[in-house]
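Below are two complexes that have chain A in common, paired first with chain B and then with chain C.
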Partner chain A sequence: MSPFLAEFVQLLLNGVMAGAILAVPALGLTAMFAVLRFPNFALASHATAGAFAGYVANVSFGLPLIPSLVFAFFFAGLLGLVSDEVVLKPFRAMGAITTAIGSIALTIAIENLIRFVFANELRGYDLPIARDMIVGGVRIGPQQMQNLAISVVIMGLVFAFLTFTRMGKAMRAVADNPMLADIKGINADTVARIVSFGGMGLAGLGGMLIGLDTSIDPLTGFRAMLSVFAAAVVGGLGSLPGAIVGALVVGIGEELCLLVLSPSYRSAVGFLAILLVLVLRPRGILGQRAY
Partner chain B sequence: MENYIIAMGVSAGIYALMALGMNIIWGMAGLINLGLVGFFAVGAYTSALLTVKFGLPIVVGVMAGGAAAALVGVIVSLVTVRMRGDYLAIVTLGFAETIRVFATNEIWLTNGSDGISGIPGPFRGALTPVEFNSLYLAIMVVVVAVAYVLVERLSYSPFGRVLRAIRDDEQVAAVAGKQVLLYKVQAFALGSVALGVAGALYGHYTSYIAPDIFVPLLTLYIKLALLAGGVGNSKGAVLGAFVVVFFLECTRFIVPLIPAITPVQGAALRELIVSVSLLVILRFRSGGLIPEARSHLVVPAALPAPTRS
Partner chain C sequence: MTSLTRSISRRSALKAGSAALLTLAAPTLVRAQSASLKLGVLTPLTGAGGFDGPRMLKAMQAVAEEINGAGGLLGKKIDLVVEDDQTNPEAAVRAARKLIDVDRVPVIMGTWASAVTTAVAPVCWESKTFLTTVSGADSITLLPHQGYLIRTQPNNALQAAKHGEFLLGLGSKRVFIMSIQSPFAAPTQAKLKETVEKAGAAMAGALIYEKDKTTYRSEVDQVLRAKPDVVYVNGYAPDVSVILRDLYRAGFNGPRFAQSYSVTSKVLEALPPEVTEGVYTVAPSADIQSPAFALAAKRLKLEAPDSYETQATDWISLVSLAIAKAGQAEGTAIKDAVRKISQGSGEKVYTAVDGLKAIAAGKEINYEGASGPCDFNEIGDIIDCKFRFQIVEKGQFKFLKVA
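Take a look at the complex of A and B:
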């Protein structure tokens, strides 16, 4: 392959991998939006909390990667359940915007709680180091392939949950038409709790997956937040398949922009994607909510 | 000690100016702007660059800061004016972050994360620090008083009435023949002027600005000020700004009293206290104070309005 083509393929591949990881918290965000109807900025701190929970499990307790990820999911999920019940739920009666502002305050509160315990320094996970493979001038890291596989499995589990379980179907019903769901006797409070748990759990998983590649600090989630929101909005806020498509678009877009922009503009690319989509096609790529 | 109190007064003045600006955008027109720190930054950088790099007078810099923020406000509002409130929240927050990323990366212009230092202040060289702070406090009092009168006049003018009508029911305002979009853009631009001027005055006061200053927490401070004082009235905005600054400074004194705490932990604890108190105020004081942008705003067909309130 020519060097330029190889670089292009490399960026494309990196983009797919970044997008697959991004899809995990984006699924959580869009599911929470579909049911609870407000942009939950607390996602950022829950992603960080998950990353740190995984760090404690992995480095302090010496657990391998997969159990650490499971721990990250449950810790962030429980935190999401409690914080929603105690903090955000009363705000929902006051409208989506008040709740959104409340979620920003909540995210800053949790972020500083993490900073209070762990301080600002960068921390890395304790993982076996593996040599990158080079195929036709394109570099592939085993770690990245593993992350990709994990993300795909998580996506599969989320869709299986929504398609086959009673609770998943109830969740879709509430997302689709809360009044009809209520008439059919679905308990909206239970659904709200499940979606807060699952959504924030996915955010925590996403935070840890993002941290696996590099390192984590109390701002890990906040830095990724704009990309996650971009993924969800580009795909259509409230649409789960859309979140995955949007995450891939944003992931690949952010990587391809490296051809012309400096890497630190990554989050600006996400913002640009949000603007473009909202101006050209406000409902996002997958317009109708499929779930 | 007196110098410290005067400095507190100046900060309160800057916050009050921002709160007055937000009162036009949020309180009167009901538009969501979670990115006010972005407009503040635009004003601060514009004025700092013009006075430091081109040696222009401070007054010109401050006016240019306000104008630049207004221009950015027009652009942002033109792009976002049709969006529903929850999308506006995402976009404005993203806008502020993008401004910060831009300020961090365009080193040739903004000096990156090192920031711009040596921003001139009025007669800074000729006065003692106490005299300088006193002079600046006097300037702030005049600026806030002028802004206060202007916002009050605006609020009771036909223009202000139309804005409140749009806030309460956009369709009715449109049926009454008001150019809703035009009014929204104008409100956004006017509010942005106050935010930009506040940013410029901040830079000239502290003589130093850097991207790290313009974090979302600042946006929350102003929300806190408006909520504490009451959204939609100018007296509340100014009063709220003073309450917030007093409260922030109190946390500065309380935190070191806790034994065995590192500086990082202290800073974290302060931000924690501030964010939790915002949550408490929002929860128990906001009834009826916050104009909620709900189904009466633009609702795209594919995205139904929140049915459960």
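Take a look at the complex of A and C:
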């Protein structure tokens, strides 16, 4: 492979891996938006909470990777369920903007609660680190491939849930037309609880997936939040396949821009993508239909 | 019930009022009686600098006591007037105004945060008051301070030069530096390049990366394509720990170099030991081999005073010696005299008291401080300073040298 082609393939691969991990919390965000109709900024602290729950499972209880991820999902999901029920639900009657601002307050509160318990220092998961393999001039990390596979499986499970289960279909119905769903006897409260649990669970999973590759601290989720939002908006806020497409666009875009730009402009590309999409297709690449 | 409350509150108000009057009056009375020489101290006693400020104050008080015990300065006892800058520019400016306008101090010693120093410095030079600081931002000594400011903390350029010399000492021929986007990125990269190229080695490259990324794989690819033999990671703990992982995964086995504030003992705990094996770290250090350092340690009853305590020791020593040399306690006199006692071919002295004796005997002196040689260039930056180098072995720091 020529050096330029190798670099291109390498950046593409890095972008796919970064995008796949970004897609998990972006799915959670967009699912919650589809049903509850407000951007839930508390996603950031739930991602952090999931990362720390996974840390406790992995380091304190000595569980292997997959059970730790499951624990992260359930912990962040339950936290999301409780925080939505106690804090955000009363806000919803006041409109989407009020609820969104309430979710910012909530995320700051949870983030500081985590800081209170775990302090500010960096922590790492107790997992062995492996050197990358080089295939045809392209560097492939076994752990990144594993994380990619985990993300793909999670996405598959989410779509299976929406397609084949009663509750999944109910969620899509509420997202599509809440009034019609109500007439058909679908309990909107139950659907809201399920989506809060699932959405924040995905955020927690995403937080831990990000932490696997880096280290975690109370700001882990907050740091990833902008990219997650960019992904969801680019794909079309409220569209689940859109979240995945958006995450891949942002992930690959940020990497490929390195061919021509200095790394210090990487985030600018993410926002340029949002700007372009919103100008050309205000509803996002795949529009706003949930599924 | 109401009248009772009122009568008590009136009485207590009266008491409080008279107490306040007395408190206000008392220092004036004392001041009027004793012929003391007032020096201003403006350290952060609260806020982000609340850990270092009180210790710097103690170091200055210890030196003042020693001078007072040996007969004082210009025949007067030193009286430190202490204000808290709260690590807050606005509070600091108010406190500085009070020190200058009410207490009429010729010098303010102690600002810590760069933002605070940047706010206080104009107040000082406008009223011809001398200022000593530990703030590190390069921009501070570039302010039009007309000589009314010195700092004992190495600036970015001095740090980068020393880092470059260390990397050259490792036998590096191709150095790569990756810096986080920050005010120090460009000056550090420029000075490192200058140092490395002057010694006949080459820069393999330099890049500036964004903070808060979840992976730096592509940046690391860019580094490795340049085939460096050493990589200087010039960032903060969250990003440096990600980069060290990515460098390991990419199979880079050469030395890696970082500031010790970015590779802390917590980072070593968070990362697998094979990732941090052989990482070099550096931090500005007190001059631990200097006699002044040993004397400061003894004075403070500490085993090893840190960089801030030694710098504070040096400020009050330099200021006292400059006042003695000039024969008057005025800001302009201190400004004009400070380099006459801090550098040059005079007799080396390691404490303020020894220096004062030598000046009284009519000798030229060169104060060598606990934090370093305390020689200043024309804009008030120190010319030389010691650095502490460590290497990580099996997840633990191992002391290499102070040089």
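Rule of thumb we're sticking to: the second predicted complex is superposed on the first by the 279 of 291 C-alpha atoms of A that agree within 3 Å, B and C clash if a C-alpha of one lies under 4 Å from a C-alpha of the other, contacts with A are read in each partner's own complex, and residues count from 1 in each chain.
Convention: contacts are C-beta pairs under 8 Å (C-beta built on N, C-alpha and C of every residue); 3 or more make two chains touch, one makes a residue touch a chain.
These figures come from a predicted structure and were not determined experimentally.
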Inset, instruction - Return fit or clash for chain B versus chain C, each positioned on chain A through the superposition. - result: clash
Inset, instruction - Considering only touches as defined above, state whether A:139 meets chain B (first), chain C (second), both or neither. - result: second
Inset, instruction - Check whether A:217 is in contact with chain B, with chain C, with both or with neither, and answer first, second, both or neither. - result: second
Legend entry - chain B versus chain C as contact partner of A:93, first or second or both or neither: first
Legend entry - Which partner reaches more residues of chain A (counting touched residues only), chain B or chain C: B
Inset, instruction - Go through the superposed model and pick first if A:18 touches only chain B, second if only chain C, both, or neither. - result: second
Legend entry - Partner chain in contact with A:115 - chain B first, chain C second, else both or neither: first
Inset, instruction - In the overlay, answer first, second, both or neither for which of chain B and chain C A:101 touches. - result: first
Inset, instruction - Determine, under the contact definition given at the top, whether A:166 touches first (chain B), second (chain C), both, or neither. - result: neither
Inset, instruction - Return first, second, both or neither, reflecting whether A:39 touches chain B, chain C, both chains, or no partner chain. - result: first
Inset, instruction - Once the structures are superposed on A, label A:10 by its partner contacts, choosing first (chain B), second (chain C), both or neither. - result: second
Inset, instruction - Show which residues of chain A both chain B and chain C reach, each in its own complex. - result: 262, 264-265, 267
Inset, instruction - Spell out the part of chain B that touches chain A in their complex, as residue ranges. - result: 32, 34, 79-80, 82-83, 85-87, 89-91, 93-95, 97-98, 101-102, 104-105, 216-217, 219-220, 223, 262, 264-265, 267-269, 271-272, 274-276, 278-279, 282-283, 286-287, 290, 292-294, 300, 302-303, 306-309
Legend entry - chain A residues touching chain B - in the complex, by the definition given at the top: 37-39, 41, 87, 90-98, 100-102, 104-106, 108-109, 112-113, 115-116, 119-120, 177-179, 188, 226, 229-230, 233, 237-238, 262, 264-265, 267-268, 270-271, 274-275, 278-279, 282-283, 287-289
Inset, instruction - Over in the complex, which chain C residues touch chain A? Could you list them? - result: 181, 207-210, 212-215, 217-219, 221-222, 225, 237-238, 241-242, 245, 248-251, 266-267, 269-272, 274-275
Inset, instruction - Please give the residue numbers of chain A that touch chain C in the complex, ascending. - result: 7, 10-11, 14, 17-18, 21, 121-124, 128-132, 139, 141, 143-144, 210, 213-215, 217, 219, 223-224, 227, 255, 258, 262-267
